[in-house]
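The next part holds the structures, each set out as structure tokens.
Next, two complexes with chain A in common: one pairs it with chain B, the other with chain C.
Up next is the complex of A and B:
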């Protein structure tokens, strides 16, 4: 009896969790111009329509650029900081660790607002670069925390051995530490990419002419429900899911073995 | 050698440190200063003025936004915990071990969608011509479409959907760490299922609940997208007020003051839950 109840709850919960996703994807294949029941598809015309729209494809390219660019910077800086803090002890290092994690506890709106105030004061024009700067701010703490958490004595011993054999600091990092930490580095990178790819409010505040995909979708929303939005939403969702699944089935799976 | 060590340590940490100081700490301090500045016409007058905060306390629609945000955040946090706990427990205790990771992955997959798209998807579901209304009419439960979208109900639904997934993750992570011996020991001592839950499992899973609830609180109170797309224009939340001040009037001082008030509530939530928080274990 309790088992039946459990399975029922599981099914209901999954129904709730997947309801909006199913509706989003299903009505992206709608034939007529309104993405509500009854379903009269399947038709691929809205995908065709959206992928021909240069505003959308430009925004998609911008989103990929910002996501990959900001993640590369976040992971490199995060790795270096993790290495410095894990391998060297110096005064103030516990405080620096806290400082590097701090942006995680502040909402994105506040991070974006602060940057907007400073950037407009300094007179720096808003662009994809400024949005990227904001994305590094939110992804750096995560990258640092993930990489720092997986640093342990195993790599330290290998590093010491390499150093004893005459390797320079650079060589130690590139040929010992980085390869050994690859799962954590890749996890940090893919997580950063997904978060930046989906991020709206910082991009909204810090871009002007060239915008990212979530911001483009936001401006399309003003004209109400449309199968075009369903199509583009489905594409964005699919890409996020693909990145998460790559992460799960390559990096994390290995780490758990 | 020690001096050299120290320099190297600082050297490796410097890029991340400089970035955080320049693009997070400094803007944050400027925002605090901004909340004490004044806007006279189009010119900004720096200084220590409390006018923005006094305005916040005296304008009914601004105070109302604080109340609306708090109400929504409390409802959402509570409902999400209540709905997520059984889901996490079922995955941790009922689903065969081999399948648990897969079921969990599936249960939180829609978590990885942009706020914008998730909110739009709920708008589709709850619209006047949407799936829920049409189904209810079809089943003969209602005669006319009822207003579901553009309401607080829609905002809360959209939020709960997102945070149930987040909380399932944190609570599950906590539950699987519990040794089955606790349950067996309690059973041997004569506890029934409810007593085991109430006196053994629940207290031990408190860190998972509180960690998830804290994250829910922080993300929910600070989100502009969900209430803007789903909530309609009847009531504004704090982030919406911040955005209105930025957009319509470019009133940075008042927007900053509202943001500081938001931060204040997050700080209170942090202090209230610090005892059980396990942010490092996520």
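Up next is the complex of A and C:
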């Protein structure tokens, strides 16, 4: 009885989480023009349609560029901040740590609006770069927190040994610190990529002519539901899943050893 | 390679705490020196100063003829074997050992050759491609040693290198360390809190306490003729007997004993347990009552109470075989040269 109940609970919980995704993916294979029951597929015609649409494929490329670019920058800055704060103590370092993590609590809308005001004032035209800046702002605290949390005495001692053996500070970082922190750095990177990949508000506010995929989807939504959107959504979902799987099988698996 | 070390008037403060007090020490090239003392005595601080990890508040360190006081670790002819090994977990053993050579710009082929040679020296043949996490504690220790020796330092610093190993392995590694030191000819400075380890390894033991050097000398000298009461105590079990000195004569609970070179007044008489015997050799002491006797293989440790009830507890290491019955009175004696007197209020 108890096991039946727990299984039921599990199925319901996962159903709640994944049913929308299943429905979305299912109706991307719809034959007719509306993603509503009854299902009359399967058909790949909407995928064909979507992948022929240069607006969509451009947006996809832009999204990838912004995601990877902003994540690289966020992880580099996050690592440098974590290294500095973990290795050197100075007055006010707890405060600086707090300031670095604080943006996590600010809503994306506020971050986006703030940046929009600042960037227009500065006179920097809106583009993929400005959207990337926005994504660095939201991903840097996360990258910092993940990397900082995994820094400990083990790397510090290895760094000391490296210095003892004649390594300069740059070489200590490249040969010892970064490789030892690779799991955390990769985790921070992939998490940043997934967050940037499907981020909407900031991209919406900070892009103009070249837009990212979530913004493209939003503008398509205005002309009503279509299985095309389901097809795009499925592609987005597939890419996100791929990133998470890469993370799981490369980085996180090593940690279990 | 090898070089002498000269330490002059070293003082170091951590905030208001003085960790090193006026340390001066000369270490010959090729010498094996252990810095021995309880935790917090400043021995690791002194090693950090030698390695360049700590700039002393005052004083100088010369290695060879050069003043090293302000040089960072990377620029010193010293390397360190750390207590926790501090191996690079993401590198193979060969790359670990070759790291210092890589930093010095030695090409890959030569680096690998020399790394393998050093791994062989510490008894890890053909293991070069393994990773540190595949090794036992003792093997990691060997890799750390090989890594530190690979750059052929003039002075090798060892920070409690055997502290994490079990007793048997520790004794084996001690023997190997000594062999390796003779082979390499490098000056070794080895920090430990284990007096047996210090005696097993050192040409010279430097005993430290509360940031100061208490005593320095060969193991035999430091054990048998300790300069201070602290050293006497720290180097092994010892009987401490209050004494009153009057003109070269000490009156103690064990009887009247000769005491030369010590001013009149209160003093402490120290006698090693193995110096006491029941065979009537040397000076006779007052009879003492046996309260306990334990067999230790090579000797019997006998606890006695001297004189009447409430007297002093003594420990004596007697030859195995004749375990005295508890409650018996035995007559102990001690050779004159085994008596060590220290003024009472100096530790």
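For this structure, a couple of remarks:
Following the convention adopted for this analysis, the second predicted complex is superposed on the first by the 257 of 257 C-alpha atoms of A that agree within 3 Å, B and C clash if a C-alpha of one lies under 4 Å from a C-alpha of the other, contacts with A are read in each partner's own complex, and residues count from 1 in each chain.
We take it that a residue touches a chain if its C-beta (ideal position, glycine included) is under 8 Å from a C-beta of that chain, and two chains touch if they have at least 3 such contacts.
Small disclaimer: the values here were computed from a predicted structure and weren't measured.
By the document's definition of touching, of the two partners only chain C reaches A:182; chain B does not. In the superposed model, A:102 lies in contact with chain B only, and not with chain C. With both structures placed on the common chain, the touch criterion links A:162 to chain C but leaves chain B unconnected. By the touch criterion defined above, A:54 reaches neither chain B nor chain C.
By the touch criterion stated above, A:223 is placed in contact with neither chain B nor chain C. Contacts of A:110 after superposition: chain B is touched, whereas chain C is not reached. By the touch criterion defined above, A:144 reaches chain B but does not reach chain C. By the touch criterion defined above, A:83 lies against chain B but remains apart from chain C after alignment on the C-alpha atoms of chain A. Applying the stated touch rule to the two superposed structures, the chain B and chain C interfaces on chain A have no residue in common. The residues of chain B lying in touch with chain A in their complex are 5-6, 8-13, 15-17, 19-21, 23-28, 30-31, 34, 83, 86-87, 90-91, 94-95, 105-107, 109-110, 112-118, 120-125, 127, 129-131, 134, 161, 164-165, 218-219, 221-225, 229, 239, 242, 246, 252, 255-256, 259, 262-263, 266, 270, 279-280.
Every residue of chain A that touches chain B in the complex is listed here, in rising order: 3, 6-7, 9-10, 13-14, 16-21, 23-24, 27, 34-37, 76-78, 80-81, 83-85, 87-91, 93, 96, 99-100, 102-111, 113-118, 121, 133-134, 136-137, 140, 144-145, 149, 169, 194, 197-201, 205, 214, 217-218, 221, 225, 229-230, 233, 236-237, 240-241, 243-244, 248.
Every residue of chain C that touches chain A in the complex is listed here, in rising order: 51-53, 72-75, 78-80, 82, 84, 86-90, 99-100, 103-104, 147-148, 151. Contact residues of chain A toward chain C in the complex are 154, 157-158, 160-168, 171, 175-176, 179-180, 182.
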